[in-house]
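Listed after this line are the structures, all set down as structure tokens.
Look at the two complexes coming up: subunit A is in both, with subunit B in one and subunit C in the other.
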Partner chain A sequence: MQITLKLFATFRNGRFKVAEQELLEGTDVRAVVLSLGLTEEEIGIVMLNGRHGELDSKLAHGDTLSLFPLVGGG
Partner chain B sequence: MDKIFRVNMTDLTTKIEEVPAAWAGLGGRSLTSTIVAAEVPPTCHALSAENKLVFAPGLLTGTPAANSGRLSAGAKSPLTGGIKESNAGGTAAQMLAKLGIKALIIEGAPKGDAWYNLAVGVNGVTISEEKELLGKGNFAVIDAVEARLGKKTGVLTIGPAGELKMTAANISVKDPDSKIRSHGRGGLGAVMGSKQIKFISIDGADAPGVKIADPEKFKTAARAFSKAILDHPVSGEGLPTYGTNVLVNILNEAGGLPTRNFTTGQFEAHDKISGETMYDTIVARGGKPKHGCHAGCIIQCSQVYHDKDGKYVTSGFEYETIWGLGADCCIDNLDDIARADNLMDDIGIDSIETAVMFGVAMEAGILNWGDSKEMLRLLTEEIGKGTALGRILGGGAGSVGRTYGVTRVPVVKNQAIPAYDPRSVKGIGITYATSTMGADHTSGYTIATNILNVGGYVDPLKKDGQVELSRNLQIATAAVDSTGMCIFVAFPALDIPECLPALIDMINARFGIALTGDDVTNLGKYVLKTEREFNQKAGLTNVHDRLPDFFKTEPVAPHNAVWDFTDEEIDEFWNF
Partner chain C sequence: MRNALTFLKEQTKDDLLSWRAQDTTAKLFDISHAAVEWLALQNGILPARYQRNRSMIGVEEQLRLFQSRVAVIGCGGLGGYVLEELARLGVGQIVAIDPDIFEEHNLNRQILSTPASLGQPKVAVAAERLAQVNPAVTVIPIQDAFCLNNGFELLAGVSIAVDALDSIPYRLQLAEVCTLAGIPMVHGAIGGWYGHVATQFPGETTVQNIYRHWVAGKGIEQQLGNPSFTPAVVASLEVAEVCKVLLGKGEPLRNRKLSIDLLEMEVHEISYAEVPVKLVDAA
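== the complex of A and B ==
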């Protein structure tokens, strides 16, 4: 299956802004995070198709996954 | 001992008063709101002699406590018709606190046409007639005051917008680099203009400084407090690197980035105006990605933005301004937005109110969507010069909506709704609706918990838990706004258990008292209730605690969310 993976803020350093990724059925967010060389602790916000997701969320074909470090403002 | 400095602009007299016992434990917002509620008739015209303009540093301002240098300004707002407190960084708060000035109260209004400046120093306030700087922009005022009185002089000033009493006019505060921070919201610049005061200078010479009752205890608490700020990923790393503008991409992903005057929740060109792009641009052009609005800020969310030639354009370039002129007006040119930010500082007009106003003006057909050149022209030639059109625009989003018959006008209590769509981030909608300030994101920043996973998580698209979340945050914020702390200390305070006790310990050590967490919560509740009572007497009741109808009837993409709280559910907010 294919998903769109978007990275933000410091996660882009040495990586990319957005990429299509070919994944095995049943892959969860955690596996994608680890495959990027990121740790669970570094993840601030997971968004799956514009809604908050979890590290355990299972991905499906056509999903958009966005990963942010803990950042904020107002 | 701290004193109250009182200036009467009707008979041009000044007084130094003892602090009444009831005000001793108050500072910042709790003090400005208490004074306004006690001394200003709620039904008065906000631009009349009966209104009072009050400045108060926070309870911890002037101490070495990190991030404690914010100044509160309060009055009846000419924009909302209700009470207003707006706080800002800059150098003034710490100078006033070190001079032992608990509050500066400016009342009355001159009978003639003459304008004045106030000079505040250790011996009191001097009122002088001002001619030279009338009509000048804020940057020129700061330069001229420094040339007259010295580089270290603190300055509070209004630009042409304040002189013309536009309801979006702000009060500018000189920052440590002689640039500008603003008491932005609610038209306080017009109140200062109505008192015919162009600027207030502050001379810190011979200031006695702030005495700390228990220095050892203070030091320990201050250290724990700073550690909590630096340990939290948002205040320790996120804000210093990307500033507040990192939110463009986050809100865009979440579908809560109000775009094209609040008709959709995502902006196609989001990446061009994002915090990431801004960071790269600042670094490439030799600007400063991190910068503090006052000495002692260890978060440093501010930045200095340069143009292509490496020359200063603006600083304190905030998400709300960039969102407003960017997504909400469909402008994808960060350089033009930066130029507008600088112009708004110079003219002395609130960048949130004005950005949202431009979205309404575009809908009204005054200019085209995305036309940044015309936006810059309207700022300089119309608002800056006070033409008839400029005065309509300078009245803010509500003013343009009324004048041009636009129905999609994002305001609450006539104050523009900022950068988070209340349909897709529902907690902030409760804050907009119920805040005593009119639509104000800072008064109960539910984005922390709705979007940023700080202080837990409450699903932004569901109604559950939002009223309680907003209530708790508004109570806590009212207390924090009384300490002189920047509201961004709320990020560590929500997540790190040592943070809030350290803050309370600092207050206790400063005054030699023994407040508990409950006392602080009660202070927050007292502030909100005092402000609400003033508003009710001014005619702003629960029917004004509502969002505009279009939020109920127009679903916002991509989640097709609508504002679906009933009136009863909103009114539950005040149940405390």
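== the complex of A and C ==
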């Protein structure tokens, strides 16, 4: 299956803004995060098809997954 | 007070009360600037300092802002701008909460910090600054760290809480206190070129959802720091939300988060599932 993966803010550094990714059926968000060399602790927001998603969310063909880093300063 | 009112009416020109007349009234009748402002607004007289608000915020709404009590939790990067803007907006009572003193690394962005204020408590400097900006505003400075233990006491009587904290666990405590106390909360956070804003009404869990994946530590701000402009942008968005919630106007950022990237100049909105809650009149 194919998904669209969008990266935001510092996640773009040395990677990409948007890319099509070929994944095995049943892949979850966590597996994509780890494949990027990111850790779960670095993840702020998981957005799946424009809505709040989870690391455990299973991906489906045609999904758009967006990942934002954790932001907590003031 | 009737004499003071008569005097105020005599001093009013083109429906506006000049600062000089406000100040004279306070001195002549030995009442506070807050009392003069209240008397004016109650009687449909707009202090001239708010004249450029008038077409978006009427006299009755200006009175509503004046009668509101807003808590600003954190008086650093975000908090400094939030406090300044709330005071200029005419919010009558502002609770400023922060345990810290100004340090040199604050000078690149925290508007309340100057070389002269280094070593001074942030809330004391805030009270001094706001007294200069708008003497009709009452500032309640609290030099303490907000947490679950003191949160209910600190937010007593508050219409809305503004998150200007720099720590995720303290934010989550603020969100919890706001939820339990039934107080709306405007959330803002920054890191480097990036920031986000959301508004949460009692019963909603946007802030808890934003940090759902949080385990420990800080976000990207730990590596990136914060420049001068990111806190100003995010703080201003937060104050716009406060103004709207207090006046019941417009569309606050409920069940959605605005994510801002100032490096690529991109704004993204993330939607959160709506939690059915009864409508709350914040003011």
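In this section, the second predicted complex is superposed on the first by the 71 of 74 C-alpha atoms of A that agree within 3 Å, B and C clash if a C-alpha of one lies under 4 Å from a C-alpha of the other, contacts with A are read in each partner's own complex, and residues count from 1 in each chain.
To be clear about the criterion, a contact is a pair of C-beta atoms (placed from the backbone, for glycine too) under 8 Å apart; a residue touches a chain by one contact, two chains touch by 3 or more.
Note that the structure is predicted; figures quoted are calculated from it, not measured.
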Subunit B versus subunit C as contact partner of A:Gly37, first or second or both or neither: neither
Go through the superposed model and pick first if A:Leu55 touches only subunit B, second if only subunit C, both, or neither. second
For A:Gly14, is the partner it touches subunit B (first), subunit C (second), both, or none of the two (neither)? neither
Taking the superposition on A as described, I'd like to know which of subunit B and subunit C A:Leu70 touches: first, second, both or neither. both
Which of subunit B and subunit C A:Met47 touches, first, second, both or neither: both
Show which residues of subunit A both subunit B and subunit C reach, each in its own complex. 8-10, 44-45, 47, 50-52, 66, 68-74
Residue positions on subunit A within touch of subunit C in the complex are 8-10, 40-41, 43-47, 50-52, 54-55, 66, 68-74
Residue positions on subunit B within touch of subunit A in the complex are 233-234, 237-239, 241-247, 249-250, 253-255, 271, 275-276, 301, 319, 441-442, 445, 447-448, 451-454, 457, 459-461, 487-488, 491, 558-559
Can you tell me which positions in subunit C touch subunit A when the two form their complex? 74, 76-79, 163-168, 171, 188-196, 209-221, 223-224, 226, 231, 257, 259, 261, 263, 266, 268, 270-273
In the complex, subunit A touches subunit B at residues 6, 8-10, 12, 17, 44-45, 47, 50-52, 66, 68-74
